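The structures considered in this document are given below.
Presented sequentially are two complexes of chain A, the first with chain B as partner and the second with chain C.
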Partner chain A sequence: MANAEHLKIVALVSVGQHPKSGRARRAEQDARAVELGLNLCGEKVQVLHAGDVAEESLRSYAGMGLKQLRVLQQAAGADASVALGDYLSEHLPDIVLTGVRAESGESSGMTPYLLAEKLGWPLVTRIADIARIENGEAEILQALPRGQRRAIRVRLPFVASVDNAAAAPRQSAYGPGRRAELENLPWVETADEVRAAFEEAPARKRPKRLKMVKAKTAAERFKAATAKSQGGGGRVIKDQPPHEQAQAIFDLLLEEGVLR
Partner chain B sequence: MILDWLLPVLLLSVLALALIGAIRRISLWRAGQPSPVDFFGGLKAMPRRYLVDLHHVVERDKYMSNTHVATAGGFVLSLVLIILVHLFGIESKWLAWPLLASSVLMFVGATFVYKRRKNPPSRLSKGPWMRLPKSLLVFSVTFFLVTLPAAGVLPQGFGGWVLALILAAGVVWGLGEMVFGMTWGGPMKHAFAGALHLAFHRRPERFGGGRSTGLKPVDLDAPVLGVQKPSDFKWNQLLGFDACVQCGKCEAMCPAFAAGQPLNPKKLIQDMVIGLAGGTDAKFAGSPYPGIELGNAKGGPDSTITEGLVNPDTLWSCTTCRACVEECPMMIEHVDAIVDMRRFLTLEKGNTPGKGAETLDNLIATDNPNGYEPGSRMNWAADQNLRVMSEVKEADVLFWVSDGAFDMRSQRILRSFVKLLKAANVDFAVLGDEERDSGDVARRLGDDATFQSLAKRNIAVMNKYRFKRIVTTDPHAFHVLKNEYKDFGGDYEVLHHTTFINELVKDGRIKLGGHKGGTVTYHDPCYLGRYNGEYDSPRELLSAMGIQLAEMERSGFRSRCCGGGGGAPITDIPGERRIADMRIEDARATGAELVAVGCQQCTAMLEGVVEPRPEIKDIAELAADALVEADDSQPARTRRDELAVEVA
Partner chain C sequence: MSDIIRRDPRAEWIARNRLHPLHAEMAAPAAETRGPSGLIRKNPHAVGFIGPNGIKRIDRSGGSGAAVGIRRGARSAQQVELPLHTVENPDYYVVAVLDMVGGRLTSHDKDVLGQAHKLIRGGDGSGAVLAVVFGEHKEEAFDKAGVDRLLHLTGSEFDGYCPEQKVACLAEVEKQYQPRYWLFPDSINGGNELGCRLAARLGERPATQAWQVDRDTSVCRGGGGLSDITRDTPRLLLLAEECADPIDETRHQVLALELDRKPRIINRLQDCGQVAVDPNSVSLAEAEFILSAGNGIHDWDQFHQAAEALGATEGASRVAVDDGFMPRFRQVGATGTWVTARVYVAVGISGAVQHMQGIGQCDKVVAINTDAGCDMVKRADLSIIGDSQKVLAQLIELARDYREGGAENAA
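Then we have the complex of A and B:
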């Protein structure tokens, strides 16, 4: 693992929600962020939550072997990203790890972007691992579809959102989870006005399109399940001069109606 | 004559040394955690426990039981008389002659011990245990000869100083092994620790024909959950480990050992002894854990067991089938110890192997081990028109469906059972979506927190409703509901479905026709048989269907586990063979074409064996197939037909 014992790493955690039962739980991506943090700098990783300290599911993060978990006290309607942003710009860690998107609440996936913007730091999305940290520069593996990885170099400090492709979080143990200290920090609350205007309703189940199974044999089914989907449009522009590449992008944006 | 003054001196010093050893040994046990026992009651009950309860277990092996009665009886009697005759110097033929007789008795016993040790089976430990028959012989012969003058058979001073020296050496050897060794860790330690273990057993309910198989709850507020170090065991558990005679009956019965998984119950108990006394396993003279070399294990009362003494895989190999406990002539509780150590690994270390963590997470989030939607628990019964407790509030019988509701194979068992219940017009209802996993798997994986949470919520739900009895098709739920919910305020009359169906048949509420098909054998589920003593109902029920069972060699209390208990399929510790394959081999040996089972877990495990193999069917399925439907069930059926009239 990367040599990062001396770094200040903060993993942000939210309250997850089980897809089947709807119960509060350890969020999968956030837990991976904690796991990555633990692997980088052990118990020194600072795990941070903005919300209610009495939330039981926070104990399941603590059960991963944390001595302490810090909670910025926030009411239900408050904008967590503001509180987190203020806290982080005050404490200035080296790395901030988040999940890609929360399992409950707005689940917009905006938190890492808003934090990076506020701190003025680079944001690396959907990372699978941090391979090395040397001379203030981190070598990161970014997760791409189909198990592909992209190596990225980024200067500290930075914000990274952790993808499901990262190492699975360790088992949460009940005993240490009970005993960990949940430190409650009263913090300024900013009401989330946009959110307040939202109306929440259970999602309507959309009818699924029936799939015609064309495959007759197991071999065909296997092929259908494993073959790369053939992207219809698109073309690879690699060796053309830059202005031609830019032109191609510009044309595409016009075509898609992004630019008018 | 040298012996005249030497013998009392030797006796006195050996007894004194033995006393010091005893105090030292007791202090080792007292390093354990407090566990309340009935001190005087236990001591008072000890002779009976030894002579009756323990003897029942030993008697399964007639050779050994007779041998032990002669040897131990002869020895105890001899020792008492030796003290009277040779230490206190009471000169009486009424003592000397009985002493001669008892030493002869002991000699006879010892010759049989010697015979057995000439070519010992692999389950027996060698090492110092090979010395024991010689020591027994020396002891009995020496004291026979020494007592001859006192009995007036030989003149005083017979044989001169040569014989006297030889006899003195014999006295030293004999007393050294039999008295000094008893408290200083020789093979005879089993007599000292064993007697006290019987007196202060942690499950005194087991004596006098009783049964105590439910696991003890964990105090979730304790500073360390589960057993980390040997000193975290209760003191009488430590005492129990020390009572082991290394006979290896557990080893011979252990399914995990036979499958080549790294578990040997005998070695595990010996490792616990190493743990409580400190040392290494280099001198262990029995079979090692399969695949793990001897000599590398090191431990002490205050060092973490799973770091150096016992490999966690050893603990996770256990299927909690209780075959070792059932077999142990010393009534040692192997399964309690294993689960205690698992609790530490799961609750403190977060180190449950295989799919353990996932299963526990699912149980926490969805109340079932596979993470299915909790609201889909009744989907299996969509066409069954079952009454749900939340609507009816009251029924004679609460049918505990168990997690079999989510499994398509188990659903066939559930449907069969419902068919029988309906045919017998039983007033029954189910909990529906209010039911949760019983907590069996969580508890046996060491997660007592999740078990307790599930148990408390299940009890709260059940206490809302009124019913007389609970019936379930799952022996694991059966055991947990019946024996382990009591600690949390849930005291119910629980029946296994085979017991209940058998009752229905006996009361004439359902009629079963004959079973058609070939030879049938019956596999006793561990949690029904060994855990709860129900061996007869399934057999009676099968014979009511006209089935003549071809019993497997290992059936009844010696039934071999299917490999599915204790979360073993979840932790999935690799071995050389699969336990289920061995069990099907047992069934094949009877020539059976069908294995009748009373457990969905066993069904799944045994059906997982590659064909060709005997067919596997639950007794509920067999009974439902053999059900003779009476005429008066006809109206009910037509009514149901009317529900489905065509409307357009």
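Then we have the complex of A and C:
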């Protein structure tokens, strides 16, 4: 990570939403993206937001130790990914960091994909860390399900979305957050017409799927309701030497591909 | 055979005549007879049979008596013969790109296939569900999951992490088949990523986390799960889990389709393989492979060695935790952690109900136990009846040989 100071890194941030109270806050994944940027190139990381400069929760990103935060002025109904794409193709940074999914709005998680497609850059999804950057090539750790990690090498420039598995963001300091400069850039707005037709409502509770018992007779229904689950078709190995029994287990483990 | 019910006057005469030598045979199945007018007459005295202790038994489930063999045979034949759903010359396709975690259909995949049929059902023209599968698979039940057409793309180019290659192939599918809908499971196992990449490539605006979809409108979760967005159904959908019921009453054709031109692109993302992660640093709830210990373990050092050699996350039953052999956060079961491992090896665990609840979501369960009658053995896909200490010793040896052999092959 030592020689990343000269790189231009942009972290895109959005306005988050607390999952219980619904209050505006810094978004978890976006804050992790800022944290990763700060670790890579210190205060030089450019933090960018498309939206309203008056939004108070932007100050909590600034409170992570940023002198300045750039905001592309956009109205509520505008398509932020277009504005961000235009800005990035003008400024051409080396690395663009985003969260995986926004916490408010449509939260489709399409922004990094649209940006990568527009800029023609490779996209690395769900990264946990950037291990090193050497000779214009970055070695990235990608977060996989079940706590696994995958190493990926990619040439600069690229877009990366930062997963929840990345290092937790540092605490936001209130005073520096207030003192930081929010630079407002008026930017061309593109109205999001598809979104205008959406109807948004508070989330309904999803019905739980019931276990359907397709029994014809009362006796079958009774059996389905009361019987203990019987392991059907399980293979039982008995009265064999231990090495053959162990081999049977080992073959199953190999077949399932859990041995690495 | 004709269905006309005919009277057999001779049989009736024999049944009436108790002195006839054939009377016993003719009178036996007289619980239900046709009366002279053709109505069914039940004879309550002829129902049931005399049990071994001399008491009359009536079994209405039909599970006993002379007819048992025939009935059971007929029932099992019925189970095999689900009606075959055929689509000849489909007017359009609904493409479902499947995750296939571990080479098998996940429950999420099955929901997506169910949703695909729901979009076709009752619409104009005949549509077929085209499933796209990348790389090798171990699945045998595509027909019962609702796959009408299967596009199976194999080759070395699909090994490892290659989303760009896959998206190039899907773009080719778009050109060749022009599907009416694209369905992806919105999962972290690759479905979400492929769907979003394809949406960006095709310029479609996808519905993400869609959980209630029909041909006109779809309801999606948005705003970090706090809001529902109702919108027109787009062409490309990323479906949430349990979006629709899986197919379970029909069989499907699973006809293989081919892609005319297979694009080969240069991957800009170079996959350097998975990084070794300490299995015990992975939380128990999301560990993939768990070696779990219970009361039947006596040599705990050996157990830890086995977990290390196999690269498994350690788990324990309540007894082992209460006795102080394992920490509390390693406990599996209703009072501990509910695990989702793909492979769960239970060593010396007999399987209390609480423990069985905790492993309800595991795919493959292996039991090593001395008691062949315990609940864990009934649940397990593979059970080893024997001394766990000896089996574990052999397993450690096998795993070490495998590692060393692999290292030699690599070098």
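By definition in this document, the second predicted complex is superposed on the first by the 204 of 260 C-alpha atoms of A that agree within 3 Å, B and C clash if a C-alpha of one lies under 4 Å from a C-alpha of the other, contacts with A are read in each partner's own complex, and residues count from 1 in each chain.
By our rule, contacts are C-beta pairs under 8 Å (C-beta built on N, C-alpha and C of every residue); 3 or more make two chains touch, one makes a residue touch a chain.
Please read these numbers as outputs of a predicted model, since none were measured by experiment.
Q: Quick one: classify A:A151 as touching chain B (first), chain C (second), both or neither.
A: second
Q: Hey, is it chain B or chain C that touches more of chain A?
A: C
Q: Identify the partner contact of A:E106: answer first if only chain B is touched, second if only chain C is, both if each is, neither if none is.
A: A:E106: touches chain C, not chain B.
Q: Which holds for A:V124: it touches chain B only (first), chain C only (second), both, or neither?
A: Touch status of A:V124: second partner only.
Q: Touching A:Q245 in the superposition: chain B (first), chain C (second), both, neither?
A: So A:Q245 only meets chain C here.
Q: For A:H6, decide between first (touching chain B), second (touching chain C), both and neither.
A: neither
Q: Of the two partner chains, chain B (first) and chain C (second), which one does A:K211 touch, if any: first, second, both, or neither?
A: After superposition on chain A, A:K211 lies in contact with neither partner.
Q: In the complex, go through chain C and note every residue touching chain A.
A: Touching chain A: residues 60-61, 63, 102-103, 161, 163-164, 188-189, 192-193, 196-197, 199-201, 205-206, 208-209, 211, 221-232, 242, 245, 268-277, 281-283, 286-289, 310-312, 342-343, 345, 364, 366, 368, 372, 375, 377-387, 390-395, 397-399, 402 of chain C.
Q: Over in the complex, which chain A residues touch chain C? Could you list them?
A: Of all residues in chain A, those touching chain C are 16-17, 19, 22, 101-110, 113-114, 116-117, 122-126, 139, 141-142, 144-155, 194, 197-204, 206, 209, 217, 219-220, 228-231, 233-240, 242-243, 245-250, 252-254, 256-260.
Q: Flag every residue of chain A that touches chain B in the complex, lowest number first.
A: The contact residues of chain A facing chain B are 18, 20-21, 23, 25, 63-65, 170-176, 178.
Q: Flag every residue of chain B that touches chain A in the complex, lowest number first.
A: Going by the criterion above, the answer is residues 220, 224-225, 346-352, 356-357, 360-361, 364-367, 371-374, 447, 449-450.
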